[in-house]
């Protein structure tokens, strides 16, 4: 008899505990809300700041946290103590993907190559532009940047927080050289890459002997220095106003205009801005694939192995005759080169660049993509870029939410808010990134994936 | 000479603010070896909290006793900012303790993005300004060509900074809490084995860092009278520069670094060109790190083979 | 004129701030010999190693390495990676430093970095897939296989190094150092933490390295069974100063060594000092 009567009592206790936790969270939330949410500041008509009480918003926030924490506490109790494991995919899915990585790579490649056609089929000529440009091109730029930075952070283990500097070098190289000397996109693309690599070497040389977070901060400083110079050196870069009217890339000399010698006319097609977008899409796809190809190749070469060895243990590398400075420098400047390629593509695509596009936040986003994807994993980086960039782009599409929250509701306002929050959540959920196992570069009998627990992440 | 003296006063004022923020960086880095990227945004948030409380107090009691109001705002801002930072540590960093080194860094960057945009969403993207206060100033030297003045604001800022620093220095050096903090800095695992509540100690570190950032936030608001949601990043990076310059992990180092950065910035603007003042700060950061990675007061890191 | 010794350390002094870790140390290691560097904890043995392998720059002194070809290198003037690459001095570490997240095979391939780098045309040819890199990599894998068989780890070639048990990691680290084709291999406490059986296997491996490959060995060791069984020549350090130098038997009998190791009363120290004429 006794156990039966005790059972509901135990249940009750659990409820109490969960309620207590939820109440605590609610009180904290209330405290957090008091100044910053409870009163909104607003300039009135006389341009004097006034306060608007917003206790309804506070009530909502407290209620949501209370219920959320309560449910979470119950869930944790059900699972018992210890960290609750969240699984989006059934166990072994990633292993399955990795075993058949060649197949999936081919399938992914096929999808990417046919994406414009799929987009046109599904969204029509009018709607496809948005999909190819905002999603296709935009995501691929970040995939490429992620893959470029992956060489530095993921393989060599050097924490670079100023990667956007090389993106800027590439973009300004293209913009200035194209405008002032009229050189074509196809000449300037490799040139901007080389210039960025040169800058990478120049900046890398003094700082690469620094370790750990110091390197991160110096690279951040360099990123900011380059941006501030672009802002302040008006004669060179036109400052805040940026550079507009950057020549657009041509299809091997044929411009994408409505003119008689334009792309559409030459090929006997009806003029549409879509052709340029599709062309740009294939250009960035090609560049991204080049980055992936080079990365895969280099991993199997001594330099790539040395990068990974450097990430594992720098001192051991030195004892084995590896020139660590040169090895780091190659990783740094190669990463910079791909950043430069992406930058010159960006300038050519936008037709307008300004220092606004090269703020620290961009570096942070690219780094986040690399870490969230799983350092060193090309697939992981590609997935992370698609989720983070595609996801925030998707928020632009959420106009129907206005019907729920009223016409003042603007989902794009919450884009970066959600982005930041997602970064925190993904890190807590998977600290080693989405795909964290390492694939060996050479094997005798069989290729076994190496679990993330053994792989070091570098100290530099 | 007069110009120099005036800039010295201005530089010390600005440097005090940087120093206060820098302590938050240096304490967190010292105890968990993490660059708390969101700290600059916590500072910005505290300035907003202070702004709201200033306005509340002004509308409830009128703007009569400005000093009393200032003390109230200071205490309230310190409390609520600490609560924020406590929550941030609890939610975004604690689950990642003992995890891979980059995970908390990315989490902190995410938190920084979140905070910036959170304030933008709830308080709007425009500059928020309050009517100027403590406008009087004392004339120190009144020569024919140049008047050297120290304003009440500057006196308040320098004095408050000095008093609070002394108080925190006392806590860290003389109390058992400070001892626990220093023990955790040396060896967190061992400190835990010896019965120190490591989680609690780290939480308190974040709370203390936030409280000082809140002081900086209030002072920033008093000095400039205006704050924007994007104001966290640049002072944050400069304060971090200050922490590194002074030797990361060292409390007096952070203050010295902050004062130096403030002075350099002000003198650079006065004698060279205001455009490149931030470039100067970042260049100093790079140069210091490359040639003197352990900073002014930091312990040099010996490479163990 | 006799041929110069393989490694000659002369008047080596290393100071860290006020602490003199190594004080005016001179000794030599001959080709084909196993030289042991012993001494109580904190005697400065690892510091000597770090000076020889370039991780520390000595405050004073000269370290000369003379290869068979007659080429000689002043190690104290060379950066660490060149010492391994050009002077052909390899080392292991007291706390094992393997590339834990990489496979056993990869560990051995990284040790062959420099020749492979040249074969890949400093990456430029390798990226394009031209040049003889493929063939050279095959050779490198063969060499790795040779060492894996020698240390009995061929079956675990594709496992991550961090997965290996401690004793295997020690042997792998030695094999990895050997893959750089050294003329002198410096081992920092290779037998530390090994059980008697593993320790015995280690002796066999070290003797075979000397006999079959012809590499001279310099080792720091606490395990006297290893030192006395395999070394030809023992140098004893205490507080950074050399207190004895000779064959294992000579050193064993040296009263100063006994005093340093076992500790003696002050009176006895005086007695011993009188005996040895200090």
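Letters are used for the chains, namely A, B and C, taken in the order the chains are written, and counting of residues starts over at 1 for each.
Quick note on the criterion: a contact is a pair of C-beta atoms (placed from the backbone, for glycine too) under 8 Å apart; a residue touches a chain by one contact, two chains touch by 3 or more.
Model, not experiment: these values are computed from the prediction.
A.B. asks: Which chain is the middle one, judged by CA centres?
C.D. replies: Per-chain C-alpha centroids ranked by distance to the global centroid put A first.
A.B. asks: Among the chains here, which has the CA centroid at the largest distance from subunit B's centroid?
C.D. replies: Taking each chain's C-alpha mean as its centre, the farthest from subunit B is C.
A.B. asks: Subunit A to subunit B: how many Å between their CA centres?
C.D. replies: The mean C-alpha positions of subunit A and subunit B differ by 29 Å.
A.B. asks: Can you give the whole-Å distance between the Cα centres of subunit A and subunit C?
C.D. replies: Measuring from centre to centre gives 45 Å for this pair.
A.B. asks: When the C-alpha atoms of subunit B and subunit C are each averaged to a single point, how far apart are the two points in Å?
C.D. replies: The computed centroid separation for subunit B versus subunit C comes out at 50 Å.
A.B. asks: Of all residues in subunit C, which are in touch with two or more distinct other chains?
C.D. replies: 55, 93
A.B. asks: Going by the contact rule already set, what residues in subunit A reach two or more other chains?
C.D. replies: 315
A.B. asks: Return the residues of subunit B touching two or more other chains; collapse runs of consecutive numbers into ranges.
C.D. replies: 303, 305, in rising order.
A.B. asks: Once bound in the complex, which stretches of subunit A touch subunit C?
C.D. replies: On the subunit A side, the touching residues are 294, 297-298, 301-303, 305-306, 308-309, 312-313, 315-324, 330, 438, 440-448, 450-451, 454-456.
A.B. asks: Okay, in this complex, where on subunit B does subunit A touch?
C.D. replies: Touching subunit A: residues 29, 33, 35, 45, 48-49, 51-53, 55-56, 59, 76, 80, 83-84, 87, 91-92, 95-96, 99-107, 109-124, 126, 128-130, 233, 237, 240-241, 244, 275-276, 278-279, 282-283, 285-286, 289-290, 293, 301, 303, 305 of subunit B.
A.B. asks: Sort out for me which residues of subunit A touch subunit B in the complex.
C.D. replies: 28, 31-32, 34-37, 39-43, 49-51, 159, 206-207, 210-214, 216-218, 220-222, 224-225, 228-229, 232, 315, 360-361, 364, 367-368, 371-372, 375, 413-414, 416-417, 419-424, 427-428, 431-432, 457, 459
A.B. asks: Looking at the complex, which residues from subunit C come into contact with subunit A?
C.D. replies: 53-55, 80-82, 84-85, 90-91, 93, 97-103, 105-106, 109-114, 116-117, 120, 123, 126-127, 129, 133, 137, 141, 145, 154, 157-160, 162-163, 176-177, 180
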